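Chain IDs A, B, C and D follow the sequence of writing; residue 1 opens each chain.
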Amino acid sequence: MSQPIKLPRWVDIGVIPALNILAALAVSALVILSLGEDPIEALDVMLYGAFGYDEAIGYTLYYTTNFIFTGLAVAVAFHAGLFNIGGEGQAYIGGLGVGLLILALDRWLPWYAILPLAIVAAALFGGAWAAVPGWLQAYRGSHIVITTIMFNFIASALMVHLMVNVLIKPGQMSPESREFAESAWLPLGHEMFAALGIDFSRSPLNFSFLIALLASGLVAIFIWRTRWGYAIRTVGRNETAAVYAGIDPKKTVFLTMALSGALAGMVGINEIMGVQHKLLLNFTAGYGFTGIAVSLMGRNHPFGIVLASLLFGALYQGGAELDFEFEQITRDMVVVIQGLIILFSGALAYMFNPMVARLAGRFAAARGQEG
Amino acid sequence: MAGGGKPPAIELKGISKSFGPVQANRDVTLRVMPGTIHGIVGENGAGKSTLMSILYGFYQADAGEILVDGKGVIIESSRAAIDLGIGMVHQHFMLVETMSVLDNVMLGSEGGALLDAGEKATRQELARLSSDYGLTVDPDELISDLSVGQQQRVEILKALVRGARILVLDEPTGVLTPQEADRLFEILAALKERGVTIILITHKLREILAATDTVSVMRQGEMVAHRTTSETSADELAELMVGRKVLLRVDKKPAEAKGMVLSADGLTVTDARGVERVKNACFQVRAGEIVGIAGVAGNGQSELLQALAGIRPLSGGSFSVNGTRIVDTGHALDPHEARRLGIAHVPEDRHHMGLVTAFTAHENHILGHHDWPDFNRGLLLDREAAIADCAAEMERYDVRPPNPQLTAAMFSGGNQQKIVLARELETKPKLLLVGQPTRGVDIGAIEFIHNTLVSMRDQGAAVLLVSVELDEIMSLSDRILVMSAGRIVGEMEAAEADPRRIGLMMADIPEEAPWDGKAA
Amino acid sequence: ADFKPAVVFDMGGKFDKSFNEGVYEGAERFKKETGDSYLEFEVTNETQREQAIRRMARRGANPILGVGFAQGPAIEKVAKEYPDTSFAIIDSVVDVPNVQSIVFNEHEGSFLVGVLAAKASKSGTISFVGGMDIPLIRRFACGYVGGAQWANKDIKVIQNMTGSTPAAWNDPTKGAELARSQFDRGSDVVFAAAGSTGLGVLQAADDAKKLAIGVDSNQNYLHPGTMLTSMLKRVDIAAYNVFMAGKKGELKPGINVLGLGENGVGWALDEHNKSLVSEDMKALVAKAEAGIKSGDIKVHDYMADNTCPY
Amino acid sequence: MAESYLLVLLTLDATLRVATPLILASMAGLFAERSGVIDIGLEGKMLAAAFAAAATAAVTGSAWLGLVVAILVSVALALLHGFACITHRGNQVVSGVAVNVIASGLTVVLGIAWFHQGGRTPTLDAEFRFTEHALPLAEALRGIPVLGPLYYEVISGHNFLVYLALAVVPLTWWVVYRTRFGLRLRAVGENPAAVDTAGISVTGLRYSAMAIAGLLCGIAGAYLSTAHSAAFVRDMTAGKGYMALAAMIFGKWKPVPALFACLLFGFLDALAVRLQGVELPVIGVFPVQLIQALPYILTVVLLAGFIGKAVAPKASGTPYVKERT
């Protein structure tokens, strides 16, 4: 990214992102206005649809779970200076790993015994799918952006082939595997609440939400509190300094990509083991791409990513409500908003800096005169 | 003298230019008479390139006036400069490596929307220039296939084809072999004969004396003197370059050199492009002495230091530290192992190598030591330990502000350097490799850094110091090596060193050669 | 409670000029006749189906009609959660006590248009473009081939499927591409059973001035002059019946098979194609129709054994 | 024999039709990347243009007007990309992704709002589209063995935009290698400082390249919705932009090799479509997914340097920063 103008920290992580999102929302509002609908009302509907009742909250958090995983994946790679656009494919293949494992074990083991193995499977499959582009970047000099894009398409073709020709449940139209034994399903949110004596409506929210929160915590610790995270950040910030410090940038790139893919692969836990309970096509539904927006918005910090995921979860869930309430707006509006957030929080991230810097300078000067 | 009643070809008045906090040019004035060769000398970072880039419209001055042929002009782009007949050969060539000589020469002066006509005309022009000045290059060759000397020829051709009457050459000989340099000066003489005004930037006094009519000296962004070449001497110019300010004298006892720590035997280092940057270097450094390497930047010192620190592989020779032969041909020592062997390294370029400017001070404090037990507790980094350690070192090294949580980029250059020094020196190294320890550092910090290095020596460390500041080398070193073009061309005890002699060696002139003011 | 029926359209949307649109027409007819409004939702991605159906149930809609086999699993799940709500699903069998499963004998309808195609073909080669390669579509194809061969045993039938994923329902460009390649190989009548993809097929036929056969709804009006006919799958009647039965509170669970006998399938003849269908074509189709109804002609059902004997 | 020759010809014929948008978009990518700006946003520009063309043609009844509006929309998106990563030095990949996401959302939102057909635009009648033209003498020469059918089936009988796309390739070659603009373009992607010191505006050059990329993507999009098909459907580009990018890389940033990469990829696509669900002798049902993935696999292999080396313009991906502040 370009050279940012130096600003106070609170401006840099508070004011600027807020301005960027406001800009994205303002443009979205213009689009809604041009459709002849009321943006405020739309916002209201979306908020209600996302948080207004417990099923909605369940759905919001279910989407949030996916975004946390893909957002973390993009962020981890970013810390090593890598742009992983392949979250979509990695999540897809990660889900494949989960599905294959459960198909093999669901008759023998209960979910809690399968879960650790499934996490390993998701991480291994997703990780491998990212490690190859990582290796190619580190040792063969190919561009990570291009290879991860290509790997998305290859993943999709591979999955279609497997689902259509190999894994499809015989005698069935949709290319879907058989449903897993119920004992292998992750506990759903309402079941967990029920166990606590709380009444909660049914929704796809499931145990993996907790895994996602745990993963955010672990990633935060890993990146900022371990020597490996330190090595990753050093490579990302200054490769020459990394070499000077005895860190092998190539190895780091390779391993970071594997880790990034592993995180994206965890989408498979939520989708396959938690919600769909079978292998099917397109369960990634763009979550991998949204991870880019989530990561950009969350400023590559797990805490920010959880917040951004919640925002996107609310957008996705509340966006569905738009379909019901408005003649002219559909949930595709959410995609537009998402694109605008990527534009303003990512590509135009520093557009407001000079303006804010000027304001901040004037503000500081004014304060200086008073004091 | 030259020019008679004509106005100066170039006149700069009160030029100032800052890059953020760096003031590269401060109120600079310069007059160059038409048809003369004017030299500009100055140390690294004195602002020479910046000044010329302003004249060439590449940068815009913050303040000041430019007059060409006595008329005030505004040069808001290189296009404007070219139109005024100004051409420039940049220090770092501005060539497109994947394109042919012809394409590079034509770029910007294609003579029409289609290339055909322009190509033909340019070929003719190149042929003419070749016969006029002996500037011969195959127009169809790719730039990437040319030697550096030939590339420079292309740069000159570019300027001439665009009709330059005023030609600026920024350190043209830094990358040339002596033979190539001689050819260049013949060409410049021929150009001058045909009325071209030339501004020549160089570090090498021999070249100034041999080739120029007048000369200006820059120092820390300011123009400090103008001389007629025939009325000055190498000694005077060297003094002007280094400045009249008090030489920083370091109080130090004579060295008590003890056992051998570093012994290099035929060290050779080749860079990624296959160029030998260090050639067959043999030297020793003993415990308790500072050995300084003097030389113009880019003569292999950086590569030598990096090879010793395990960052670059050797392509020939070997060296040993404390009697252990640790590196063989083609076999890289890695920085980890180097640290384990007691080698500490203060790199020349703290921004690009020594620091991660986006990290906090305490994070930088563990750079290279991040996997040491001191800074780890089980799987986790022991941040508290790093912060505490960093805070203590900041106190001891007087880093201001002494705040370990502050981002490295927020410290001034001198304080950044102290952070690096603190990190490297506090490991109690047996061998300390130091590159440009005071580049861009303020006076107070320089003194502190110098004293620290001496006390390291007194505690028994072997110190290898690389610096382009001659007075720094002179005042710190117990023994001095001089490097030129990748070779160690001289070695002397500090006591018997004098700046003139070292300067001559740096310029790689045999000591016997008389200063006759003309090209050899 | 208020009577509030609901329909969840599948991907392609209610204006796909085909399958979903048929359902939409049935629902609209119901609305016009009874004055009762209904809830609707158009699914745009795979994960929305279950959510949309559940949302309808939660809002108290009853009955809830799911359109398309892909909604089967979602209907099954939600129907179990809402045992007091009635559901219906088209093109899939869901064995839950409060679900009516409506399936069509597509092979019978396809047989009829196969007869017409064979009769209309001058080149002796006809073709078929399927959507997603699934048994249901092969059932269309198989019936079509059967009918064509019954009418002309030397007929050559070229078959292509658009793809093996749900995306194959929504790719008119590819459909057109396939149709063109079939025309180039001699076909002069093409039958498209491919959802929105079929629109591209019909378009390509119009461009190349070949004959085309539509599917599900009556698509004859789309390209008058080149539309030979449309194989009707009366999802409109199915939808209308579901809503009507729901209104009366008598929507029965179980499997509801709609074949030729029940007027569930058929072929379209209207002002847009009457000039293309000659009297003896009509006569021959009528003969086939009678034969199927009487059982004299056995149309092979691909889905019975996953093979096509023709 | 004749039968299989015809089959080959027909597949080649389809190859041309399928490759047309790839050719246009890969030439667009070539201009952008030669100027030093990575363009992931080919997909989005094409998609937006396809929508604009179909919507305009549906409303006004003019395919030409549709083409013009498609170009305008696509150029506007290209300039937005330029604004983000040339003027504001934003990350080029992020900016391209943003363009793609915005286009994929906005086309559907507007499509549904304007036409109420689930994101589709109304089907265009033949006279509102670019329809196929038989070349002179096609029918007459058809009988000539070998060449006759080749001319009739493959070369003749395409719409105007197919021929335009084919013409764009030599034109691109000519512009890039034989004109002043091309010389500067090649230079600015390799070393913007060299261009700057030659007195040429780096920003101006890059914006021009973006505009050309927009223009070409606009034509590609119009082709998709108003020539190859007769309507816009949601997500109609379905990865063609990325495939064009892959083809451009595969063609090593050179027009003619990129053309052949497009034709290869188009051929694979045409082949995959024809093999879908078809039982082949010996092999049985061929896994068409393998053919579909082949362009991407080949590109990865090429980029990894296993089959020749593809070297991107040196400056691509990095904004031109002259002064550090």
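The working rule: a contact is a pair of C-beta atoms (placed from the backbone, for glycine too) under 8 Å apart; a residue touches a chain by one contact, two chains touch by 3 or more.
It should be emphasised that the depicted structure is a prediction, and the values quoted were computed from it without experimental measurement.
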item: Leader among chain pairs (count of C-beta contacts); value: A-D
item: Approximate Å spacing (C-alpha centroids) for the pair subunit C, subunit D; value: 35
item: Cα-centroid distance, subunit B relative to subunit D, in whole angstrom; value: 47
item: Whole-Å gap between the CA centroids of subunit A and subunit D; value: 30
item: Centre-to-centre distance between subunit C and subunit B (centres being mean Cα positions), rounded to whole Å; value: 78
item: Residue list for subunit B, restricted to those that touch at least two other chains; value: none
item: Contacts with 2+ other chains: residues of subunit A; value: 160, 164, 330, 332
item: For subunit D, residues that touch 2 or more chains besides their own; value: 119, 289, 324-325
item: Pairwise chain contacts under the document criterion; value: A-B, A-C, A-D, B-D, C-D
item: Residues on subunit A engaged by subunit D in the complex (per definition of touch); value: 1-3, 5, 31, 35-36, 83, 85, 136, 140-143, 145-147, 149-151, 153-154, 157-158, 160-161, 164-165, 289, 292-293, 296, 328-330, 332-340, 342-343, 346-351
item: Residue ranges of subunit C in contact with subunit A within the complex; value: 41-42, 44-48, 51-52, 54-55, 58, 69-70, 73, 81, 92, 133-136, 164-166, 306
item: Of all residues in subunit B, those that touch subunit A in their complex; value: 309-311, 334-336, 338-339, 345, 347, 349, 352-359, 363, 366-368, 370-371, 375-376, 379-381, 383, 409
item: Interfacial residue positions of subunit A with respect to subunit B in the complex; value: 6, 221, 225-227, 230-231, 233-234, 237-238, 240-241, 243-246
item: Residues of subunit A that touch subunit C when the two form their complex; value: 55, 59, 160, 164, 171, 173-176, 201-202, 275, 280-283, 285, 320, 323-324, 330-332
